[in-house]
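Take a look at the structures below.
Next come two complexes, and both contain subunit A; in the first it sits with subunit B, in the second with subunit C.
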Partner chain A sequence: MLAELINPYYLQVASFILINIILGVSIYITLSTGQLSLANAGFMGIGAYTSALLTLNFDLPIIGGILAGTLLAGVFGILIGIPTLRLQGVYLAIVTLGFGEVIRVIFVNWESMTKGAVGLSGIPHMGRELLNTLKEFGFDPKILGLQNNQFVFLAIFLILLGVTISIITFFRRQNRSRVGRAFAAIKLDEKAAESMGINITYYKVLAFAQGALVAGFAGALFAHVLAYISPADFAYHRAVEILIFAVFGGSEVIWGPVFGALFLTVMPEVLRFISEYRYMIYGLIIIIMMAVRPQGLIDVNILNWLKLKTSKRRQKHGTSSQKSM
Partner chain B sequence: MRKQLKKFAQFTALSSLLVLSACGGNQAAGDEDGESSGGAVKADIGVISYISGPGAAYGEAITNGLKLAQEEINGKGEVEINLVIEDSAGKQDQALTAAQKLMNSENVTGIIGPTLSTEMNVVGPEADLNGVPIMGTSTTAEGIPQIGDYVFRNSLPEALAIPASIDKAIEKYDAKKVAILYGNDDVFTKSGFDTMKKAAEEKGLEILTIETFQKGQSDYNAQLTKIKGLKPDLILASALYNEGAVIMDQARKMGIDVPFVGGNGFNSPEVINIAGDAANGLIVATPWYGEKEDDKVKEFVGKYEEEYGKKPDQFAAQAYDALYIMAEALKNAGEADRDALRDALAEIKGFNGILGEFSFDEEGDVVMEPTVLVIEGGAFKEFN
Partner chain C sequence: MLIEQLINGITLGSIYAIVALGFTLVFGVLGIINMAHGEIFMFGAFIGVVVTSTFKGPLWLAFMAAILVTAAMGYLLERFALRPLRNKQGVSHLAPLISTIGVSILLENLSHHIFGPGNHPFRASFAEISFQIGSITVYLVQIVIFIISVLLMYALSFWLGKTKAGKALRATAENLETASLLGVDVKRTITMTVIIASAMGGIAGILVGMAFNSVTPQMGLSIGLKGLAIIILGGMGNVKGAMAGGLILGLAETFVVVYGNSGYKDAIAFAAIIVILLIRPQGLFGQKISA
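Moving on to the complex of A and B:
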């Protein structure tokens, strides 16, 4: 019964949704200090290529590759962040966009290492490797009543779900901490924040590095879920796609980009039944959204309204168990 | 905090339900009038194609070719094929989800597509693991059928096409020195260049220079000036037709009048439309030649023009033949079974389609004789 419900197609879509959510979070972090960074596609590429190359050439376990990729992207985030954060607004956007392109051009031209535009194939696949390891210990998915490929995609989905929930939880908590308050203060007014004694450079670089770290992490996961990457995956289009998650969903609260990523990844799949017209509808939805809600779909007001609604309903049903946040 | 988590869980559960319900709606509706057709083998064949986005013209040609073939095959009554067409938008992740949908939700017997080699690199291994035979009709890069036992293609790989055209050009023009020009940020042109370089080295040609350009570039004077100074006998250009046509135009204006040898991406009537007379002297090898004196080819071109109002290109022709190959294999297999279809596909030898005589080698790659064409007086002609 359970086995029939687990369709690798849905799990595959869900996995891409989760990866996109992580990317959405990565741009949210930099946006939460009021900086518009378009370098996230580049950081994603660094994470993906580092992890893929390490696992391919040095037989590093996938976890090791992912960690290395994430950290390297974070280091680049700091290196790029320090000089560029003197820039503001659209100038920062242009410089970071340029950085993303530089990364892509390096991937294209460093042929001895990255195989150029042809891309890297045969990257160890997260789910399949896990299955092989488990099989060595005598585990067989049939015990759970699952086919091999069902198990593979279920495993990927559960891992990604766990990871995504932890990331969102972490950044929600951070928002309520000293760091989050500092971010919010910088976003509202840099000068005022500085005069209050907030070390602007430190927090801005921190946000930038965190964004890079998360984007690199998403990239590394992407490489091991798709098992093939090429420089074109991390081009300008990807940067814009990530930005749209935040613009569409709203960048005031973390649920904005999360919802944006979810909705915009699901949409093309849901619209499959109209085949070649689906991207027209997709574009139309985005345009209507921009016109009706320029601040993004989810903002603080909507969240409060939703909270009110759900708590009212709960009281009506007599199951109100109000706990503190 | 716990409440937040709970809310998040509800949120994800709800949204995944949304996905589930939204995707489950359209089941194949083609098998209603089933029983009447007697002993025909009925099969669902999935198609992954590049229908929306910048490369939608490829996907359109491919699906047109497939639909035409499907009509004819079903008309004959030996095999009844139901096509389930999915869009990949030219993206690997979309191609993969489309493939998952076809393999797991639609339970297709075999898959035709995806359009791009990059997409095949992602979809191929997955189809192979699931034991679904998959055949590319336009994936020409190296190493595609080598992905696995279930991966085939009927598109002429660059590794066959380019050496054939270089051979003929050397013969005719007695070429010894060549210059190579290629786009280095595109999988297609980069892989074409690798093949060109290898072929040129094998034939003992002296490579004077290797120049690169990028997608969308509009000024090639720097590269061409250098090439002109070196006086090559032949220019090998691995370019897609949009850049390639501009390169030829600028080269001719500069006074470079040596012939060009192009890869598969250069092979398009659009080159003549864009470059005009400057396109004369372009040599390409192709599996498809629409002017061929062959009844099958003439019939196909006629029908295609009648149906879609334009001449078929090589993508339409390859897709058309691909479905015929699938049908042949299904007929031989006698049932719509994935493993039986794979074995039957692997045994296809000497299939006579509109592309000429076609066989699979033991890896599932193409064995056929390409036709070498040259542009003369504003039209593609056979090159002898």
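Moving on to the complex of A and C:
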């Protein structure tokens, strides 16, 4: 019964949605200090290539590869962040865009290592490796009534779901902490924040590095879910796609980019005839959103309104359980 | 050999300079980075291909058509992507940047659908004509490109420096509100600036088509990003800086191909801007801005 419900194709799409959500969160973090960084596609590439190369060439377990990729992206985030965060607004956007482009050119040209524009294939697949390990302990997916294939994709989906929920939870909690308040203060007015005693360089680099870390993590996951990566996966279009998650969904609250990533990944899958025009629609969405609703679809007002609605409905039905957004 | 490469570098550099001028005009007046400029430039190149290859028209007609179409695109860009954001309360200063990124994606994919993704050759009737001066070979195309670029730069400098409209533009660039108090029709000046910048992009598009004999939908992105790098190199909003920056980049790229690794050619521009922004954020020729 369970077996018929699990369609590898849907699970695959769901996995990509989750990776895109993580990417959306990564740009949200830097945006929450008012910095627009377009380097996240580059950081994603660093994470993906590091993890893929380590697992391919040095037989590192996948978890080790992902950790190394994530950390290296974070280190690059700090290295790039310290000098570039002296720049503001448009300048920062262009330099980070340039950084992404330099990374891509390096991936294309460092052929002995990255196989150039062809890309790396045969990267250890997260789900299949897990299945093989479990099989050594005498586990067979048939116990659950699943095909091997179904089990693989289900496992990936569940792992990613757990990871995504933990990331969102972490950053929601961080927003309510000292760090989150410092980010918000810097976003509102840097000078005022500085005069209140907030070390703005520290917090801006922190936000930038966190964004890089999360983007690198998403990249490493991407490599082991798709098992194939090429420099084109981390080029300008990816940077823009990540940006659109935040522009469309909104960057004031974390649910904005999450919703943006969800909606914009599902849309071309559901409306097949649209997927050919996908990027044209992306372009139109950006133009219209900027003119009509520059803060994105989901902002604080909408969240409050939703909260009010659900709490009213709850009172009507007489349930006493409290749920916070 | 060296002189030939020098000529190649100057040809490439003068095209880059014209692309960069389009960016610099818009940035000088509006303080906006027009990310769609590269795609407007690419449309200009495609109009050139359509006129010369599909309709077998003469080159001057291709120039006229490209100028008309890209000027119209400039107007639409200003009207629908930039004007709605101006004078609006609570809009982040990044909004116009993001909006023009939207336009660039739209245009790039539109050209995919209209012209197809492949590589389109650009046939100029005099492409093969070359001169021998001593041991040096110079192609007529290179001379034509260079002359057109110089004329265009000269015309722009004259227009900015000597005509009333140019003065209005400079006043607007200096301070939008003061200019409007002094009786400059700011709205018209802004629209005109975007239109002129776009038309220059269209001309540059045809020049690139002639120089490389190939036009693709992706060229807008790569040349556009380089134009962006050049205006940072030369100083944002600085017309002379854009010209010099274009020549520097053109020469640097040519010599990297000759004496170094051609694969890293496309990274030079960005490596350069990262260094420039860290050492001399106002650009090579820019004035120091007090924050």
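Here is the rule we go by: the second predicted complex is superposed on the first by the 302 of 325 C-alpha atoms of A that agree within 3 Å, B and C clash if a C-alpha of one lies under 4 Å from a C-alpha of the other, contacts with A are read in each partner's own complex, and residues count from 1 in each chain.
One rule holds in what follows: a residue touches a chain if its C-beta (ideal position, glycine included) is under 8 Å from a C-beta of that chain, and two chains touch if they have at least 3 such contacts.
No experiment lies behind these values; they were computed from the predicted model shown.
Contact with both subunit B and subunit C is seen for A:Tyr279 once the two complexes are overlaid on the shared chain. Applying the stated contact rule after C-alpha superposition, one finds that A:Ile94 touches subunit C and leaves subunit B untouched. More residues of subunit A lie in contact with B than with the other chain of the pair subunit B and subunit C.
Touch criterion met: A:Thr169 reaches subunit B, while subunit C stays clear of it. Applying the stated contact rule after C-alpha superposition, one finds that A:Tyr228 touches subunit B and leaves subunit C untouched. Within the superposed three-chain model, A:Ser311 lies out of touch with both subunit B and subunit C [touch as defined at top]. Within the superposed three-chain model, A:Asn149 lies in touch with subunit B and out of touch with subunit C [touch as defined at top]. In the superposed model, A:Val108 makes contact with both subunit B and subunit C. Shared contact residues on subunit A (touching subunit B in one structure, subunit C in the other): 105, 108-109, 277, 279. Those residues of subunit A lying in contact with subunit B across their complex are 7-10, 12-14, 16, 105, 108-109, 116-119, 121, 125, 128, 148-149, 161, 165, 168-169, 172, 226-228, 230-233, 262, 266, 268-270, 272-273, 275-279, 310, 323, 325. The residues of subunit C lying in touch with subunit A in their complex are 33, 80-81, 84-85, 90-99, 101-110, 113, 221, 225, 228-229, 232, 261, 263-264, 266-267, 269-271, 273-274, 277-278, 281. Taken together, the subunit A residues at the contact with subunit C in this complex read 36, 83-84, 86-87, 89-91, 93-95, 97-99, 101-102, 105-106, 108-109, 236, 240, 243, 247, 277, 279-280, 282-287, 290-291, 294. Across the complex, subunit B meets subunit A through its residues 1-5, 7-8, 12, 15-16, 18-20, 22-23, 25-26, 51-53, 56, 59, 85-87, 89, 92-94, 96-98, 100-101, 103-105, 118, 121-122, 125, 129-130, 141, 143, 184-187, 189-191, 194.
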